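Two complexes, one shared chain (chain A), two partners (chain B, chain C).
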Partner chain A sequence: MLFLDLTVNGLIMGLFYALMAVGLSMIFGVLRIINFAHGEFFMIGAYTYALIATSFGINPWFTLPLAALGGAILGLVVERLLIRPLYDGYRSWSFVKDEYAVVVTFALSLLLIHLVDKVIGPSPFMGPSLFSMQRISIGPIMLNGQKLISSGVSIFLLISLAIFIKKSLWGKQIQAVAQNRFGAALAGIDPVKTTALIFAIAGGLAALSGALLSPIVNPSPDIGSFPAIKSYVIVVLGGLGSIWGSMFAALILGVLESYFAVYVSYDYRDAFGLLILICVLIFRPNGLAGMKGREI
Partner chain B sequence: MIKTLSISNSKLWRNRLKFDFWSLLIVLLLMCFLPLLDLSDYTLGILIVAMYLAIVAMSWNLLAGYCGQFSMAPAAFAMIGGYIVGLSDFHAQLSLWISVPLAIVGTAILGALLGLTVTRLKGPYLSLTTLSFAEISRVIISNSHEYTRGDQGLNVPSMMNDRLSYYYFFIVLVLLTGVFIYWLMRSKLGGFLLAIRDDQEGAESKGIDIVFYKLVAFTISCSLCGFAGAMYGSFSQLVSPEMGLLQQTGLVISMVVIGGIGSLTGPVIGAILVYLGSEWLREIGNIQMIVFAFVVIIFARFFRTGIWGFCLGLKQRLLQNHHE
Partner chain C sequence: MRILQLIKLNLSVVVLGLFTLEAFAAEPILIGLSITRSPPGSVIQGTQIKDAMEIYADMINAKGGLLGRPIKLVIEDNQGLPEKGRSAVEKLITRDKVVAVTGAHQSSVCLSEIEVAHRYQTPYVNTNCWADSVRIKGYPEVINTSPYNFIVADSMAETLKAMKVKRVVAFAENTDYGIGLAKGVGEALKRKGSTIDYKFETLDRSSKDFTPAILALKSNPPDVVVLTMLPPAAYIALNQLYEQGVAPSPKTLVYDGAGMADYPDFWQNVKDAGKYMMTIGMYHPDMKMNDLSKQIAVEYKKRTKNDPNRLIYQAVDSLLVITEAIRQAGTTDSAKILDVMRKSKFEGARGLMTFDTFPGVSYQQWAAIPYVNYQLTDVNQAVGKTTLLQGPGMPLNTSKITMPK
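Entry: the complex of A and B
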């Protein structure tokens, strides 16, 4: 029953991708820009978690929220210093907005990678696991405790995020700003605060994803690039700006990738994502969820 | 990035382009006299690599600065160009006379195929897709050990045996690229590209086939990158997947942004300054990418026209004072 094993392991990878991609998608939904430094939130989360837990010997469970806090603070700082000039103030950015966002976030990503490389060092090190890494088999499915526990944490986070967006007042404000920034401002919602909130959530979730994966992937300064590329594929697959679409697409990509790695070729498993991306762009440019809003 | 040039193809723009072209010629002429300073082979090598990056920067600027399409794959296409030359030497022992044109055509075809999917898309989609393409083509090349020898790289035959002739050869290459882009931007196509950059919907409403012209610009830009990569391979006699690292793309972008986006001379000035600076910072302690990423953020945030724009402003102020 290799098939079942692959499906479950693929779904678990999909959950970690979803934690990254949801933040990216939310930022796009509100600001219409892509954050090319999103992988570095992942990296910062993995490093904060591994560093604090190993050097101070704090229980990993208490370190997890600290990693999320680290990512959220980074998100807030990035928003305040680099992204806020895009929409705050009187100057019209309509013509240069995309360009500015691409150049600045891409440069930020390189800056963070090389800063960590210089300050902490290029060699990878492992974070402590939350649970025994020993393999357990549930019927035909081979898992380890870390994967099981952290996928439980991710499911909990994704569901609470969904409830937060759908039910809470802040979540409704986020929805309103995403639909119409100007209209939301007229209705008394502060778009600036809402955008800052979104960056904090996106940074925190990506950092948590990094922290949860750090016992499995051995964080090194450039660890963020592959999860980030996966989440670019996912947001295109799910339709940019659609939170549900990207959660769904993340699970699909995780499963498809794990089939591809075993049944077709392990070496080229990362190329498979691009193949999906290009096929989607050609055949279903509105994404799987069929959301409107893609500009063609 | 440059709001000042939004009057596409007007007389003002043509005059500015002409001025830009002449300053490029002056910069290259000054470069011709540099070897008189009795430079070491090492310094010459650095300048040659800087000029290779200048060609890549110019072709990225053709797409980003003149057409507003932010591709993330210039370094990847340079790597592919280099690998076409390397592979055809490794497997078929073709001479450079055949393999370099093959690299130009090959990257043009690949660029057109990628362009067919991405030029229909706007803004972030194009950057996203080209970024994934760049990373994944690098992974494919470094994983296909049986064809490309993976991370070890491939040997490429050289054309000349001393650095000085390579130096002048690369100056000629930069000049040819400059002349080609100048000719392109003076033609009707250049006007269309500027119109697409400044106002895509407006251009479309005037009957410009925006997808077609974006595709043309994308193909030309990719092919120029591939050509530059092939030439670099022949200079360094080695192509490796490291040529296609995202960090290289970052270096190219920082050259264009610091030098001045949307100009002919800017990318060349930027390439030489950034690369010399990066070698210097590497000697200090490998901090070049930290410094350049930071400088790029500052430039993009506060000085959006780069060094070239600063020079233009200075010239204008001087002229005004002169008239008074």
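Entry: the complex of A and C
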């Protein structure tokens, strides 16, 4: 009974982690950089959702896409103003200044946290629930209505994203740029536009994840650090740049954390994720779904 | 007659003006505030402490200042991080040359800051660090107007014993405050000869999902879940206890040991999960108010549009101890100020403060700090409308406790 409860709760948390992590994974897959401000996209989504819904009395279901749109626009702006100078003018990705990406995204993270802290305030801010029932019993399992609905939305979005990447023209362009930026450019694909699209998708997904979790995690300006750290673990565990790997790894992490908390120690639950990260880096540095390869 | 009155009035205005001018022409007396102004620490607490201390400083300056000099608060942001707190106090003492430091509101930060204050022998008035270890260090520079874990734990244990419960589980955040208080409740229960089956679980305060720890209670819920956690983690734990049907329930109540029910954002963040919660409070509107606390309440409401809570009065009392000690000592010399602080009585916003001299958990602590126990019986209930289970200095009345149906 407890085992079943823990498994379901772990899978639900895993779905939320996945929504965050796939965006980070896509950015890494195409640009080979880690976006240290990814958690703040989550925070912006949570605040956009909570503030618009509560201040203007708009139905939370209509606010959800607005939060995603906010995150996507922020992603586009960040790409245009901060990331594009990294590669603009270069045809080969090997010229990229990695250290610049680390500094600029880390600075952006701090800027957004402090901006929200000063403009909106430091108080935690619980967003409105998409579903009025706080408790739903499914057999022996008790679930929060918001968690249940959010899980459904997450599954739908993750499947849609997978289909988009696999089947659509834009998705194929993203795959091509991720495989070989220079080659993709020679084939007529615009890597700049593709990169901008990836930032928009990553920003939108992270913001949507924040909006969905807003009634559960009581967001405050520094809320982004929690999903961001999980995402870094998941991206490495799943294999850097692998979207499928990230989804799979997110579910595994969610469930394992849940078991670890009860059967080993709750106090070290978050440290457990980092322990997994270290083990993966030692024994399988390419992650669960990453491919072996070396760039020259 | 009327002309004479007018002349008198004008003269007094001129004299008062001259006094004020003299006070403001003089070098200000600097008092250092190390508080959280930016995440990850509690910015809400930092802001409340700053607002309250500014109100009290303005009141003093409006009356001509101290020793003919205005007082000025020098604020440093410690971000709620021990290492930042240490450097903030170092800066305040060595660069700004403050007379005393106050404002701290997180135990782990206090513990690092008092090392610096001790090294420079600068008075340090603890506003809201509850961990007993702050007192046990025995530093003569540290004066405590804050509540302290020992008395809170003792009161909570007394309440649990009076409730005649059999099994209690505490969720403690992984901080000096959280673990200290949870351990303290267990020790207090033993001291009181209680047979309650008590255990505590440590939770990571940065976590957003406490469900696994709560699920473990579902098959055999305890009679009371004690929370020694601060918001926002405490809000999340409270919501998840409710959503899993563990507490509040006809079998289980939540007992909060952080006094969070008077936080301005409490109801916005917990809604139905806050109903039936019992809490220990360091302030309740039914407590006896003196002129100072009434003045502070009016001014605080005017400036912030919020009702005052315990932290506002704690902050005022911290600054009051410093300013009154300077006034009574007639100097800003650290040793003399500390001597006055140890020996004098101070009429603060929460009552008459004196500081113990016995080594241990109440060293240089206002030991007889007033507290209450109350229960929230409705959603969005104002603290003044809650059920008072125990008034300050009164016995606990468990017959008033309401169980959910």
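By our rule, the second predicted complex is superposed on the first by the 283 of 296 C-alpha atoms of A that agree within 3 Å, B and C clash if a C-alpha of one lies under 4 Å from a C-alpha of the other, contacts with A are read in each partner's own complex, and residues count from 1 in each chain.
Assume contacts are C-beta pairs under 8 Å (C-beta built on N, C-alpha and C of every residue); 3 or more make two chains touch, one makes a residue touch a chain.
What you are looking at is a predicted structure, and each value in this text was computed from that prediction instead of being measured.
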Between chain B and chain C, positioned on chain A by superposition, is the outcome a clash or a fit?
clash
Go through the superposed model and pick first if A:225 touches only chain B, second if only chain C, both, or neither.
both
Is A:114 contacted by the first partner chain B, the second partner chain C, both or neither?
both
Under the stated touch criterion, which partner chain does A:99 make contact with: chain B (first), chain C (second), both, or neither?
first
Give one of first, second, both or neither to describe whether A:2 is in contact with chain B, with chain C, with both, or with none.
second
Let me test your reading of the model: by the given contact rule, A:261 touches which partner, first (chain B), second (chain C), both or neither?
second
Answer with first, second, both or neither: which of chain B and chain C does A:67 touch in the superposed model?
neither
Taking the superposition on A as described, I'd like to know which of chain B and chain C A:233 touches: first, second, both or neither.
first
What is the contact status of A:270 with respect to chain B (first) and chain C (second): first, second, both, or neither?
both
First (chain B), second (chain C), both or neither: which does A:198 touch?
neither
Stretch of chain B, among 37-45, 127-135 or 289-297, that runs into chain C once the two complexes are superposed
37-45
Identify the residues of chain A that lie in both the chain B contact region and the chain C contact region.
113-114, 225-226, 267, 270
Chain A contacts chain C in the complex at 1-2, 5-6, 9-10, 13, 113-114, 117, 121-126, 134-135, 142-144, 147, 213, 216-218, 220-223, 225-226, 257-258, 261-262, 266-267, 269-270
Which residues of chain C touch chain A in their complex?
38-40, 42-44, 47, 174, 201-204, 206-213, 215-216, 218-219, 231-232, 235-236, 239-240, 242-245, 264-265, 268-272
Given the complex with chain B, which residues does chain A contribute to the contact?
28, 32-34, 36, 82, 85, 95-96, 98-104, 106-108, 110-111, 113-115, 118, 225-226, 229, 232-233, 235-236, 240, 267-268, 270-271, 273-274, 277-278, 281-282, 285, 294-296
Contacting residues of chain B [partner chain A, same complex]
1, 3, 6, 64, 68, 70, 72, 117-118, 120-125, 127-129, 131-133, 135-136, 139-140, 143-144, 198-199, 246-247, 250, 253-254, 257, 286-287, 289-290, 292-294, 296-297, 300-301, 304
